[in-house]
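Look for subunit A in each of the two complexes below; its partner is subunit B in the first and subunit C in the second.
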Partner chain A sequence: MKRNARYLALLGVLVLVIAACGDGADDGTTTTAEAEGTTTTAEAEAEETATTAEAEATTTTEAPPSVEAITACQVTDTGGIDDKSFNQTAWKGVTDAIDAGLATADSDFLESQSATDYQPNIQAFLDKGCDLIITVGFLLGADTETMANANPDQHFQIIDFAYEPGVADSVQGAVFGTTDAAFLAGYLAAGVTETGIVATYGGIQIPCAVTCFMDGFVYGVRYYNEVNGTDVQTLGWNPEDETGVFTGDFEDLAKGRAVTQSFVDEGADVILPVAGPVGEGSAALALELGDVWVIGVDADWFETLPQYEAQILSSVLKGLDVAVFTAIREVAEGTFEGGTRLYAIAEDGVGLGAINDDVPQPLQDEVAALLESLKEGSIVPGDQALS
Partner chain B sequence: MSDEGTEAKENKEPKEPRWVERVAPKNVDWSSLAVIPFLAVFSALVVGAVFIIFTEGLGSVLPAYGALLRGAFGGWNSISETLLVATPLIFAGLAVALGFQAGLFNIGAEGQMTIGGLTAVIVGISFEGLPAVIHLPLALAAGFVGGALWGFIPGVLRAKTGAHEVITTIMLNFIAFRILDYILKQPFTQAEGRFDPISKDVLESARLPRILTWLPVEGVEMLRLNLGFILALAVAWIVYWILFKSTIGFEFRAVGANPDAAKYGGMAVTSAIILVMVLAGGLAGLGGSNETLGVLGRAFPGFTAQIGFDAIALALLGRSHPGGVVLSAILFGALRVGGRAMQVETDVGIDLIIIIQALIIVFVAAPELVRAIYRIKGGEEARQLTRGWST
Partner chain C sequence: MTAVAGTADFVRAPAEIRRARILGIVYLLLATVVFLFFAVGTEGDVTFRLGDQPGDLDFTVSAQVLATFTAVVFAFLGGIQLTKGFGAKTNVVLAIAIGLFAFSFLGWAAAGKSLSLIGMLGTTVALAAPIAFGALSGVMCERVGVINIGIEGMLLTGAFTGAVVGTVMSPLFGILGAAIAGGLMALALAVLAIKYRVDQIIAGVVINIFALGLTSFLSSQFLVENASGLNNPGVLGPIRIPLLAEIPVLGRILFDQNIFIYVMYLLVAGMTYGLFKTRWGLQSRAVGEHPKAADTLGINVFRRRYINVFLGGLIAGFGGAYFTLGSVGAFNENMTAGRGFIGLAAMIFGRWHPVGALGAALVFGFADSLQVKLGILDTGIPSEFLLSAPYLVTIIVVAGVVGKARPPAADGQPYIKE
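For the complex of A and B:
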């Protein structure tokens, strides 16, 4: 026992010594070589993809023949960068931009562990000299405003926050037409439920960023009832008096599981969690129970949470990656502007992800037709009769 | 009642009962007080280095730890942020440490912070026009009282019914979170134009003023360190004085060492337990107020950010001594703030900081392991921090 401990200590010291030596030797050669390597590949990639970037850019303006890659930096909320939905989808926008040669490999993210971290995290990126700072989430609204006012020449993009005109005008606020996308999910849910009860819950009651999903879901169910003469009930949210079920944060998976269990106890068999990573708790329970569907949010859960694919009905996609990618491209091209930007269903800013193969084809076709009607505007969520 | 307690301490016979020696040691045991925590931190950093080597390679260790150190102390802004993060940890750490000294495991610091922070906000958003010299102390007092109330409940339950404080404080945490959600949605407290639970902004007269704005350096408006830090140091000194210089503090520690002997010695064990929990709750409440009246300026769900749980770890690391708590809190603050720089400058993620913190606790909680690794002699038997369910 004593001997073992001694070896352990020796190992520890050895590790330190090696670490110290290794670093000194490396510094001169490898790191510079690495740095050179990355710049050259980045350049090559930039040239290679310049044409594709141009092709993609046609929706807004003609891209200049070549753009210089920018440094894009993302500050997450407390959900963390690998939350399988919100922050992760936004970060995908940055990595897509890196792949497209619009952002440098130097682009980075900082995870906030508490609300007190938001401001210093933004400051850290200001110090780093980032060209664009992306703050992900409504909860960063106040701190982003403060920092934007203190640094009027810095490009900021905030997700899910629309400032009043005259407040933080230099910030581009990206908002999403998630009501439309969740409407499709509500219709689909009402179509597959066997108990006639579906449910939704949120993380924190944030107007629109969270509640628009829940609004759309309820409206979708009502539309299904209207068209098919059914009486599917929705638990967890009432759009009229804005009350519903919320777990209280975007972190605790156990709460998502507990809420889902109580919904199932009340007979619900389709659940839409609008709570970032908390929704994974619902997916885990659904997989154990077997006869409960879960609808993903933000990202396509068939891709981010494939281990639950048997119980994933579909996903309400929120084009966070599209919004972030677009902002990076605009900064690179020099066309970036502050103000609120809506990503709507008509231009695929939001949508419905892949649908589980077990869903009957006729229902899938109905949903596809409904998507077209929403894009045309012939159906407007919220117009449906109360049920 | 308390006189007898001090007498027992002062009229020292050669053959003192063991528990008196333990409560009022004549020789400070430096090996357990300072050496072990230091070596625990050192060991945790070494093992953390192994994690860096496996994830990022050998060459990343020194740049990462260099960035950690620079980020935590390399400049006024870094120092300001480190101490800012340390401040609520000091308050909450004292709340847990005080409990440990009396043999009580206060896991409820998080809930006590929540209630204290909330009551401070309620006072802070009311009384418009009150001068700051009255408003700020009033808001802080409200925070203390709110937290104290949340400590009083488990204290009474423990003292009168024997309900274990571990269970009751955990449960009261959950109740505190839900009370926060509820109160923040009332029209009186909820910020105008918001539907989510978030309070109005605390009035300027109840905000903790920043204390580094006089420095002649650039970017001075970014230095967020506020009066709360000074307050925390003062409170730490007061707790030290109560614990080690006052009669009541001797009672607390006597109850912690052996409640039966303390009772036999004529001490009022019941009221000591309640008083400890009230004070601990009040300290945590001040920690919550420090957040809502200081850096945040408002209350919202989760504003306590797990500080009340981190406090348990740093009370252990600080050996339940107020001085140790202050140093541990600054260390944890440095890890948090330095971790940010580490994340920006290198590819080492902030999760490493959590791993290091956890490792520190593992090493602190197992002093014999540290003694064995570094071949340190001596040391009494492991100190029992709390009592079991049955006592």
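For the complex of A and C:
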């Protein structure tokens, strides 16, 4: 029995070691491999530069030689680093910075498997001595605030969170003008729908980080109706009541597929999932059905999910990579400041990704013209009449 | 619950009488609620679509009439429940009543619009399948007295293995690999629980943490870099059974599904027969109820437990493959999202019986798809409230319908041979 107990203890240790590894690439060697792998794809993407947001990232990659590379560390939310959208795009900002010599190869990420991981992960990076800690997502707001107040000299950047002045002043909160970008997607969706019904759903009802996409989408559809005299309906979100369809997390892809099936049952043929990886469930169903479009979020899905390209209409880009890259550059240059920073459509902080080739050229041109109007501010989403 | 059916003068336990009275009052309350909220002031017809295309098989009714009818039925049921009671049929009546309630609720929400009821049923099955596999796996293990908290981990392992093997070889091998991976996880649990007599809850939790850590680690290290070569198995589409699939309503739900759903139905039937009609089932249940007595009769308790826990793992692993090969076609970290735990709840709610487990899974699936549909119908009900609906349903159903459920007597107790 004693001998058995020893084996058991050994097994237990093994389990814990492997489980700990799963929390993210903890040691330097795996991180380097990760970083290199991603860098090659980043280069390949840079050559193609399909989008304006990326174009900006590449134009700013020329770092002054005097600047010393910093260690940037990213804490993900529960969606994981490979979520094809949110965390992955932010991490691209870090790898771009490594590429540009602004961040060291020691830069790292830690994945949060649950909300209780946020604080320990931040603490782990504090212990590691990271120059900049990037917490990705609204859900990390409270924990970032606590840790920032306890460590006032540490540089923090949080995505999708704007603190009230006086609260966690050392943190730079990056927010995005996604309403404008999603407005373009809504217009495009209304232009291609054959059933006259389009739909959107979210992961968790997070004000702005998720719902601004949905707001913009609905406004875009209304604007299309206003201009073209059509009556395209949007299911899944009511910006006035702030009620709609949500899957409840950013993990359950099968639920995303089921929700999409429900929309299709009610006649929708263009779907905008604002739910990180859950949206892949929508893409899978769209590919199977063949007559349903899906619109990507955060990253350009033609690049992150190429297997669904036949049914990808376009993607609502959110320049998380630009924001992260900018913050790293500022820390490296010593110009980093706390406070809220808006990445708006006018400076390509957000935008619309590549549009499917099957979309008629006139409609693509209309969308391009609409982008200019939004940049000028001559059209403001939300001003459209209810339809 | 009601031991003697069919006789009017049987003696009822006080607790049972109390429960019958409470149920009667609940019926009357529901009648009032339905009438006040769903009938008064509701205008417009609601069209329930039962066919694949709009106009195929439509069923139009005035939402107000539907709600009023429901209220009257509920008042009637409440009256009977309070005076005579339904005896052995109480649960059947309650199930029908809940269905009717959901129906009138939908009618109210969709007044003036149309709604695809057939689509909702299809979504129900799709959402229920993984829960059902989890619950069946639990039944398999707990019937021989081993608590399996690790179902979630086995589902996740199955999902991962299914995606990778399915991409590298073929989806059918992916299913096989997923089942074996789940089985291996279960063997680990079995060794810990049966041989080393580790606390079974802790052993199961270890399996979950291990599976989550391992799959997340492998996914972020390998699958992200090489998604097309390792994580792109494709989805196994529905297999339409000729003729039977043409049956209205039921055809689409029962006979136009992918391989996972067929296997789910077969498993329920097979397990029910196996557990209650065969020698194997009798021995298994004996081991779960009173291992010492079973041992005395010459049943090898350890072997029975090992085999059944392994089988439970195979089922969970297979169910895990549903996430990747039967639904989405790609693995993502923690994509099972707690379905294994809901599966455990479904097992208890289904009273450790395969048919009950499937029924419970379908209730969860229906509540989930109802939540989505209500969101689409733009009823103005806050989304957070809608998201809690499946769990609310659980509480109501477990407290109201199931009554006292009794686990196998030796559940969770390691057997020590003297």
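Throughout what follows, the second predicted complex is superposed on the first by the 322 of 387 C-alpha atoms of A that agree within 3 Å, B and C clash if a C-alpha of one lies under 4 Å from a C-alpha of the other, contacts with A are read in each partner's own complex, and residues count from 1 in each chain.
Following the convention adopted for this analysis, a contact is a pair of C-beta atoms (placed from the backbone, for glycine too) under 8 Å apart; a residue touches a chain by one contact, two chains touch by 3 or more.
Since the model is a prediction, treat every value here as computed from it, not as a measurement.
Student: On the A-aligned overlay, A:E347 touches which partner chain: subunit B = first, subunit C = second, or both, or neither?
Tutor: Neither partner.
Student: Counting only touches as set out at the top, which of subunit B and subunit C does A:G244 meet: first, second, both, neither?
Tutor: A:G244: touches subunit C, not subunit B.
Student: Is A:I206 contacted by the first partner subunit B, the second partner subunit C, both or neither?
Tutor: first
Student: Per the overlay, which chain contacts more subunit A residues, subunit B or subunit C?
Tutor: C
Student: Can A:D365 be said to touch subunit B (first), subunit C (second), both, or neither?
Tutor: Once the two structures are laid over each other on A, A:D365 reaches no partner at all.
Student: Between subunit B and subunit C, whom does A:E111 touch in the aligned arrangement: first, second, both, or neither?
Tutor: Both subunit B and subunit C are touched by A:E111.
Student: Of the two partner chains, subunit B (first) and subunit C (second), which one does A:E280 touch, if any: first, second, both, or neither?
Tutor: second
Student: So which bits of subunit A does subunit B touch that subunit C touches too?
Tutor: Common interface on subunit A, subunit B vs subunit C: 5, 8, 12, 15, 18-20, 22-23, 30, 78, 111, 113, 205, 248-249.
Student: What residues on subunit A touch subunit B, complex-wise?
Tutor: Going by the criterion above, the answer is residues 1-2, 5-6, 8-9, 12, 15-16, 18-20, 22-23, 26-27, 30-31, 78, 108, 110-111, 113-117, 119-121, 123-125, 128, 150, 204-207, 211, 242, 248-249.
Student: Where on subunit C is subunit A touching in the complex?
Tutor: It is residues 54, 115-116, 118-120, 122-123, 126-127, 130, 192, 195-196, 198, 206, 209-210, 212-217, 219-221, 223-225, 227-228, 232, 235, 237, 322-323, 327-330, 332-337, 339, 368-369, 372-373, 375-376, 378-384, 386-387 of subunit C that touch subunit A.
Student: Can you list the subunit B residues touching subunit A in their complex?
Tutor: Residues 43, 46-47, 49-50, 53, 58-59, 61-63, 77, 81, 84-85, 177, 181, 194-197, 221-222, 224, 291, 295-296, 300-303, 305-306, 336-337, 340-341, 343-344, 349-350, 369, 372-375 of subunit B touch subunit A in their complex.
Student: If you look only at subunit A, which of its residues touch subunit C in the complex?
Tutor: Checking each residue of subunit A against subunit C gives 4-5, 8, 12, 15, 18-25, 30, 33-34, 37-38, 78-83, 88, 111, 113, 199, 201, 205, 235-236, 238, 241, 243-246, 248-249, 251-259, 261-267, 277, 280-281, 284, 287-288, 306-307.
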